[in-house]
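One chain, chain A, appears in both complexes that follow, with chain B as partner in the first and chain C in the second.
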Partner chain A sequence: MNKLKAVYLNEVYKISKKKKITVAAVLSVVAVAVAAVAVYLVNNFSGIRVTGSSELSILVLQVMSYTLIPLFVTFVAVDMFGGEFSDVTMKITLTAPATRLKIYLGKILAIASFIAANLLAIMVLSLIASFFVGIGMPNVVRIFFAYVLAFFPLLIYAMTVVLISNLIRGTTGAFMVSILVFLLFIGAGILFPQIKSFLFTASFDWYRLVLGSFINVGKLLRVFMILAGYAVMLFGCGFYLFEKRDL
Partner chain B sequence: MNLSKKSTAVLSAVVGAAVLATSALADALIGSGYYSLKQAIKTTSATLINETDNFTVSGKIVMKVDGKEIFVSEGTMKYDIAGGQYVEESTTTEMDETSESYIYNGPDLYIHKDSRGNNYATTRVKGSEEKLIEDFFQREDVQDAEKIVDAFVGSMQDLIQTDENDGKKLYIGNLTDTSVPPLVNALSSFFLKYAALSEYTAENYGVPHPKANIYVQDVSGKAVENSGGILESLILSAAFVGDDKDGNSHTYSVEISANVTSINATAVEPISTEGLKIQAAAENRLSLGKKYEGLYKSEVVGETADGFVKLGEQFFEITSVDGATVTGRYYEIYNPEYLTGDGKSFTFTTIQNHDDWNRISFEYADENGDSKKGEFFYYDAANIQLHLYAQNNAYGRADQIVRTFSDSNFARVFE
Partner chain C sequence: MDNAIVINGLTKKYKNSRGIEDVSLTIERGDIFGFLGPNGAGKTTAMKIMVGLMKPDRGNVLINGFSILTDYEKAMQSVGCIIESVNPLTYMTAYENMKLVARMHDHVPDARIDECLEQTGILKFKNERTKNFSLGMKQRLGIAMAILPNPKILILDEPLNGMDVEGMVEMRLLFLRMAKEGGTTFFISSHLIHDIELTCNKVGILYQGKRLGVETTESILQNYASLENYYLSEVGFNE
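And now, the complex of A and B:
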């Protein structure tokens, strides 16, 4: 456990030193500010509250979970696997006194922490912005649950990128294929709604299930099981490829 | 039994895939309340139109501001599919004024009671070819729109829950202000402010116009599907909140309900025409009659540096209407002072289609002998609107003409 913790902290430290993290943080602040200003202006000029009664945070989550967060998750996940294989720094990582499973798990946990931190930052920023926009008191508990639910499909996407990074040599290729897969899954969900249940991207807005007055518990459980199935499958496949990959 | 790391990885991938496939399959099979409801609406429409002899639909719309009714309309439509007739009766109350409307449409008789004037205008028609009612969901544009709506609804479809009781299926949906997507909220609030309850309409109704902080407060719906797959009742309601010009908050709501009853037990009978003026239709109320035979004219005007001058005239003549067969001709006469060359002219013969209402399509040969399409609309005041596709400009321009004006409206020449 101590070895896993050491690997995890090491990976988190490496992520925190990347310039992309600063860019992600700046863009997140900008995105929240733009959303807040847009909502404020629309309300001021046309008298229409775009976000309904109070939830600027949900509007921001809806936009960010399909755009900036997947983009930076792709950058980070590709860097942590494809990037380290390309610049041979993976060799240094693997010399640590930990098994490949622990290293693989540590990296996944670090990416998960990045996603969680990103969501937390956006949630806090948007809650603060809600007060400035002056559209009433946000329902913090509901918003918190929505952000917690939004975490899971983003983690599944990150694990998909990890799998692709272990399949394809080179960071550019892995990045492009990851984005293409993301777009294809979203497109397939729109064009063929009958197969939506099989696509993890269809659950990117499953947090809406807890926003109404009726909570469809059955649907929540089914989506959770789908995401759990994806997680186990992607972890198994990803680790298999990581384990047998030569340096 | 000890498994190698690789075997464990493969095993976990297989187990994960199995969990994923099972859960996703279950989810796809259970479907969403939205898709079940959509299917029930389609089944209701198809069954009522194609598999029943008659049925009754009743509906009511109520609009309220701060709980006070400002508009109430309720009506009953009785359809006799087998007999090709229907009766529609409605009562509307707005601004404390109540008006009633009555329509009977049968194969040989049409009765209409004006909603304001209380006068019956009845017309005998000869074998109308109109279809009594069509299945809305079979239309291509509706099917395309359905796909767009599906994508638009997105995850909201899971907010419709279903329940079964006594062989009936119940659909219940409720969206609160937090679960209405921003785009839906913005569009519907925009519609309320600028269309449904615009400043002008609000003033007419004597209610405060929503000016600021408008948003959807609540949307709810309930539908009941019977054991035959027919939706027998539907209730929808939506509430908006908005501030008036003084900053006071108001609640604007709309409630819609509809019921399908008396399936195969509805009798459709027209009211007695005794004492009513019966206006006999000459042939068919939808067709071009002989009274439209005659000459129609439209002037061509040119703009010069000093003013406007008449360049010529376009003539359209309906030479004969013999039942469904319509013959006619078109020609142009120029003022030689301004224009040169021969004007366009052609004749045509066509068969009018009753389903096209007041539109007649025809084909004609242009000056090169090429086949071209044209159409004209005929109106009550003996006016014709003519459209000639691939029209060439037959009016060569004299040097002093800056612009030429001609339009598609032709007036009857009576002398």
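And now, the complex of A and C:
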């Protein structure tokens, strides 16, 4: 457990030291600010009301979970695996007294923390922005649960990127293939609606299930089980490749 | 005497049929073992397997009695290493790179980081990003990272690569002091045969993936004019 904690702390430390994280933070603030200003202008000057205070956070989540967050996740996950293998800095991690399982798990947990921190930052920023653009108090509890649910499909996507960057040598290739897979999954969901519910990208907006007046617990459970299935398969396959890989 | 490292029938073949074949070695505790061989003999391959960066096709390595294949954590608990080259994270400072190693071991205070950077002569660069480090400075940082947790065994692949003469002498003295005062076992590969002669008390030769002789430096120097002569005679080189 101590070794897993040490690996996790090292990986979080590495993420925090990267310039890309500063860029991600700045872009997140800008994205929330742009959304807030846009909503304010439309609500006050166009004669129509596009969103209330609660929905601003959901609107931001909807846009960010399909665009910037997957992009940041791809950068971080590819850097953490393909990047470290390419520039051989993975040697520092692999020669430490920790099994590859702990190293792999520690890295996945660090990526999960990055996603959670990203979502939390966007949620807080959008809630603050809500006070300036909306009418009344936002429903913080529902918004919180929506953001919690949004975390899971993003983690599955991150694990897909991890699998790809253990499969493909080189960071550029892994990055391109990851983005392509993301777009293909979304495209397949649109073109073949009959298989949509089995694609993890279809659950990117499953948080909507907790926003209505009726919460369909059965459907929530079904989607969660599908995501859990993805998690087990992706973790198993990714770890198999990571464990086998020579440096 | 108990054994620090036991290598049993280590075999690893690449697609180009190079690699190592059936290499066995025993390094006793407190030894400073020099691993000699020409380029492509398989020294780095053997050392990568010893620290778990590569899986062997056959064979095993026991470090402090623990198998590198089945008891990795215990085997590597008291091992420091440099393999092939030193590749610190370039977006971090020397101190931050050291901190990555420190976290993986129990009880490594910041004072120990300073002590290791001082011993390797780069304390004044502690807060500089390693992006701008020269090859020699990276080697010094690699050695500092390897000795940080006070390991009982050091596995060093070309540790003096890219260092100036002053640096080479400083590091050699550091290794000799660690072996004498702390009983640290060293497994060092180097193409600097003179340096091996001055540092190591035992020498093994790897040639075309196979282990040739293993002798003490003392007995070699009794029978040959220099370690270089012994090496050339072992690999069958005729001038």
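What we mean here is this: the second predicted complex is superposed on the first by the 243 of 247 C-alpha atoms of A that agree within 3 Å, B and C clash if a C-alpha of one lies under 4 Å from a C-alpha of the other, contacts with A are read in each partner's own complex, and residues count from 1 in each chain.
We adopt the following convention: contacts are C-beta pairs under 8 Å (C-beta built on N, C-alpha and C of every residue); 3 or more make two chains touch, one makes a residue touch a chain.
Remember, predicted model here, so these are calculated numbers, not experimental data.
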Combined model on chain A: chain C and chain B, fit or clash: fit
Chain A as apex of chain B and chain C, Cα-centre angle in degrees (nearest 10): 150
Partner chain in contact with A:A38 - chain B first, chain C second, else both or neither: neither
Touching partner for A:L27 - first (chain B), second (chain C), both, neither: neither
First (chain B), second (chain C), both or neither touched by A:M225: first
Partner chain(s) touched by A:L127 [first = chain B, second = chain C, both, neither]: neither
First, second, both or neither for A:V88, with chain B first and chain C second: second
First (chain B), second (chain C), both or neither touched by A:L4: neither
First (chain B), second (chain C), both or neither touched by A:K244: both
First, second, both or neither for A:I58, with chain B first and chain C second: first
Lowest C-alpha to C-alpha distance for chain C against chain B (Å): 9
Set intersection of chain A contacts, chain C complex versus chain B complex: 100, 244
Residues of chain C touching chain A in the complex: 48, 51-55, 72-74, 76-77, 79, 81, 83-85, 87-92, 96-97, 99-101, 103-106, 145
Chain A residues touching chain B - in the complex, by the definition given at the top: 42-43, 46-55, 58-59, 62, 100-101, 139, 142, 190, 193-198, 205-206, 208-209, 211-214, 216, 218-219, 222-223, 225-226, 228-237, 239-240, 243-244
Touching residues on chain A, where the partner in the complex is chain C: 2-3, 6-7, 9-10, 13-14, 17-19, 87-89, 91-100, 244, 246-247
Complex interface listing, chain B residues touching chain A: 5-6, 8-28, 30, 32, 150-151, 154-156, 158-159, 161, 172-182, 185-186, 189-190, 193, 210-217, 241-243
